[in-house]
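The same chain A turns up in both complexes below, where it pairs with chain B and then with chain C.
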Partner chain A sequence: MSEAANGAEQELDLGWMARTGPWETRAAPGKYGLTIADISIGDYGEAPEVSDNLTGRPRGAAARPASYRIGAYSVRSKSEIWLDNASFLYEEALQRQWSSATDVPWHTIEPLPDDVEQAECQLATFLTEVEFVAGDVPARWVSLTTPDFYEPRQVLLAQVMDESRHMDVFRKRALANGGGLMQATGATSGFVGSIDLSRDFTEMSSRLHVSGEGAVLTLFRMGELMAQNEAEKVIYRLCAQDEARHVAFGVMHLRYMSETAPERREEIHCYLDEAEGGLIGAANPVGQLTPTSESMAIILGGGKDHFDDGMNKIIAIRRRQLQEYRKRVISAGFGERFENGRSRVAQMIDEAA
Partner chain B sequence: MANKPAPKPAPPKSTASDEKRTFEPKYNWMNKTRQWGVRVRPGKAGLKLGDLNVGIYGETPTQWADQSRNPRGAVPRRGMPPVGYSIRDKAGLWADCAADLYEEAIQRRWAPATDVPWDTIEPLPDDVEHAVCQVCTELVGYANVDIETITGWQHQMSYGYHEVKQFLATASFDAARHYECFRKRALANGGGLGLEGPGMVNRMILESRGGWTEAVVYLLVMRGAFTMTLYKYLGRHAHNDAERFIYAHALADKARHVTYALDHLKYAVAHADDALQVVRTLIAIGEGGLTRDLRDPVLPEALAVIFAGGVAKAAGRGMAVYGELMGDFVQTYLGYCQWLGVPRDPARLPPPLNEYANPNNAERRVSPQPKPSPNSFANAAGAANPKNAGA
Partner chain C sequence: MAAFPSVDWFDEVRNVFNADDRYRGAGGGYCNCVAGFKIVDRVFVLTFDGFECSAAAEGDDGSLDDVDFYLEMPGEEWRDMVANIAANGGADLHHTLNTLDLDRADGLATSRHGDQVREDLFFRYNQTLQFFFDASALVETEFA
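Entry: the complex of A and B
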């Protein structure tokens, strides 16, 4: 019988007290509380260039030589996933969480003409379908990333939560006003070059965060144009706020990658080549003319009778998407593609003029 | 004016006006719906995810063959290459409570940076700070396994059961919060991280590749019940409001995870052939792994130091409270097994679990203890020397 169970005295070993990470650490809360930036001090703030942590040990903790190698992490190089502002993005995500059940003024939704409601429901179906790509895929990468890079993992976990809320808020919208879900688009299926199938984190991030979510962010920022009521305005505004963080993750990661692994720049340009093709593809509601872009035109125009007005707005949004995409890629450190003729974005912007 | 360069010829291009001219809307997507006229109204607690489960939108089939992201109730698009979801049987993940737990998790969100009253943390005796930091290190490790396990399975779950995927998004986010919160506590009061945990249960959880249900048994029932018990006792022995806040909120989060787990397992054993036997086998194997971790002295000793208020009474009073904790855990665990229909004979649990399962030991566990050995304290004092840090 163990001594703790039978109440007998036992001599404690206490050897663990001598096996610690760096000691006498005293992180202090700042203006924004005690953030993870505040605890990135001393050796605890040093993420290794290459992680040899295969046991899941918290970064900075003392290792047990006998620990099982249960990590099986495929993302172990800092340049593969790191970004300099992960702490900020994570803490902001925590502060800006919202509830689709109670923060959206659902009572402001009023019956709409049937063509507009159908269009709203088609768009909501599309967004319900695609939003959780950005939940499924980052989740998978979290499970493959060493905890030595816990800061970017935290941001990705916040993203999974955000996307879950987006999936549910658009489902709610589709079922809240006398309509229903309509036809899925299949836009996120397993095509070669899709976000799902990427076998490298940066490849995935360039597609998901920079081009995909970047395009959706522009769309959500047009919420004032698209919304029929206060509930929809709030939905688009809150979703845009979340998407902005996700896009920032991708841009900042590409920037870090560009600076620390220049040998991968050409490879990244190839991903951006593909991403730019996608900017006018079927997965973009203001891309090529698809059921979703038809529904967008009805929403933006105010009905089937004003379809052309809606199309004008679609094309204006597409132009803005492309301009914002270009700014992001420049910010990420890959702007030369717009100078050396590699990118077609300038031409695409002209075509949307 | 004469030197003005000739304008470049404009490149041929399609324009927006071309696009408008050449495009005629088809509207062939209109009226493609499986159920129209749905008007879900917000209730007292807002418009909740579960409220949407009306008509066909609430139908969750026992199998979900669609491998696309077709939202449940939408008209599918045929011929799309599959995304590759491997969990497509309802029995493999479902819990009726998932939608409610999802909304509850969102309502009960908290931010460690700003909600925890960090300014209430005061310097502690060095032995106690060592113990708190060691326990926090192990709890960071537990949260890490929560994160890696849930995210490793979540993307494999098909869209037909979106409530579970969404609840698990909250669960992995909870775990992220626990990860940072316990790390913050360890680094906030003159200490640091301690020694990584022994890892047998971690291994068992992460190597559960047969299915999500298997992972649930280990992650959320066995480890979950243990972690909840730890939070409960650590909350009782918290040194300041910051720690009290952390343990209380982590406990509330973990209770949701365990609630999902029990509901899911109940569903699984009721609806999947052989699931009851599989769970029974998993539990029997898992108890062996759990006892290997429990035989490691580090966590029990650190807890005992906290419970006793220092090394001096850790071997006596501290270990007595640890014994109570273990008894509490074993009773909770046995209760879960009983409820799931896989009752365990306490006498046949592997040691030391069987010893904690015996209520007759309770009195002896809390009986007064002699003073600890001075040698033990000498070890602890050595650890407090910064020269030993980083060993």
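Entry: the complex of A and C
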């Protein structure tokens, strides 16, 4: 009996106490703290091959028969989204966050020659645009994925935070040194924009994580060559770390898909065919001559009078992009495309030599 | 005073790195990889485990088969990098690990297994690796 609720005596309904998931669970922290890998124990650790959970029920929680169907989850087969190291990537993402406000030594930015500053602002405009896509797209897929596959969902949510930070850090760079944003490059149309047209998670991931972010990872790493000061070095280095995590998600997912749903391998090859076209398209600033690639060449060369020097470095970046892409696809289990003549990447690498 | 390169030197850097909480934020933290360093004809293997660099050991050329990635530069460039860090309290714009990687046509980081996912750990943990070597600024160093 209780009078606490409204002053009148009423019987407590403690029936909810009997409605539990698996009980007497005692997850113990490991050497890295209490990670989501540590709580993947017993039935709580079992992700179903196919999920019938359409109600937002946390995996392992007792079902509530009267629940509405709150989720129109289209991703309900494990092979569609799973990867073996999602728990690890998620914890790593949490631990390695950084602040664009306080971890970048903004005070080291100093005035630059006008052409170099304009080029920096053009590149920052481009990167802000593409990071919008990189944040928006995984966010949409989170809402389409059953809660039973919460580990990869968590990684995607962390990715959205990462991309949010990338958007703001390049916007900050554009506004930090006497310039501003330039004309939008249109990077979100064409191949980059097409990522959001994907109707299947693996299609999206092969375009976004493996091809798109793999290419951007190389750009971020090369950003240390483009950096004019410590602030820009730190920006590019920290963005590259985040990007490498996203690429790892895509490669590990493709690997899982390849092993558990081999009937989809030909389909995946088709996605990779398209992705490879994107690597030499206008959406890739080192793929074709565009305003963004011109700006990069000016930065890399040290001014528009040294444009050719900068272009030579861009070609070297393109070569690295392609080499790293090829090795990641091999790692994902689709290396035969480089042996059977299906992929043009080897030729593209030769052309960039 | 510890001689570079040696296990003693790496151990002294580990002690500085592991004791400083600043290396766990600002893009550092949680790092799990085994990294090799080929310095002239000597091989050193560092194990990063969670927040710590948990072990430094000297190996042989075969040890490089098992590491996630390894870094290889001529001896004078290793010395130049370590001296630059000591002089500036951290690597300047031209001596960060990533810059040194980019300065080389085939990169500074490589592997024998060719698995790009494992090689990518060099990029994924780059700030931690940089923090580690920057910590050497606090180690009194002589060059062997």
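The rule is simple: the second predicted complex is superposed on the first by the 343 of 353 C-alpha atoms of A that agree within 3 Å, B and C clash if a C-alpha of one lies under 4 Å from a C-alpha of the other, contacts with A are read in each partner's own complex, and residues count from 1 in each chain.
Here is the rule we go by: a residue touches a chain if its C-beta (ideal position, glycine included) is under 8 Å from a C-beta of that chain, and two chains touch if they have at least 3 such contacts.
Note that the structure is a prediction, hence the values are computed from the model and not measured.
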Given the superposition on chain A, are chain B and chain C in a clash or a fit?
-> fit
Should A:262 be classified as contacting the first partner (chain B), the second (chain C), both, or neither?
-> neither
Looking at the overlay, what does A:312 touch: chain B (first), chain C (second), both, or neither?
-> first
Kindly classify A:277 by the partners it touches after superposition: chain B alone (first), chain C alone (second), both, or neither?
-> neither
Is A:95 in contact with chain B, with chain C, with both, or with neither (first, second, both, neither)?
-> both
So, does A:328 touch the first partner chain B, the second partner chain C, both, or neither?
-> second
When the two structures are overlaid on chain A, which partner does A:150 contact: first (chain B), second (chain C), both, or neither?
-> first
Partner with the higher number of touched chain A residues, chain C or chain B | B
Go through the superposed model and pick first if A:237 touches only chain B, second if only chain C, both, or neither.
-> second
Which of the two partners, first being chain B and second being chain C, lies in contact with A:32: first, second, both, or neither?
-> both
Nearest CA pair across chain B and chain C in the overlay: distance in Å?
-> 10
Set of chain A residues, in rising order, touched by both chain B and chain C = 32, 91, 94-95, 97, 99
Please name which positions on chain A make contact with chain C in the complex.
-> 31-32, 88, 91-92, 94-99, 103, 217, 221-222, 224-225, 227, 229-230, 233-234, 237-238, 240-241, 243-245, 247-248, 251-252, 316, 320, 324, 327-328, 330-331
Chain C residues touching chain A - in the complex, by the definition given at the top = 24-30, 32, 49-50, 93, 96, 98-99, 101-102, 105, 107, 114-117, 119-121, 123-127, 130
In their shared complex, at which residues does chain A touch chain B?
-> 1-7, 9-29, 32-36, 39, 41, 44, 55-58, 60-64, 67-68, 70, 90-91, 94-95, 97, 99-102, 104, 106-107, 115, 118, 121-122, 125, 128-130, 132-133, 135-137, 139-140, 142-143, 147, 150, 153-154, 157-158, 160-161, 163-165, 167-168, 171-172, 175-186, 188-191, 196, 289, 291, 294-295, 297, 304, 307-308, 311-312, 315, 347, 350-353
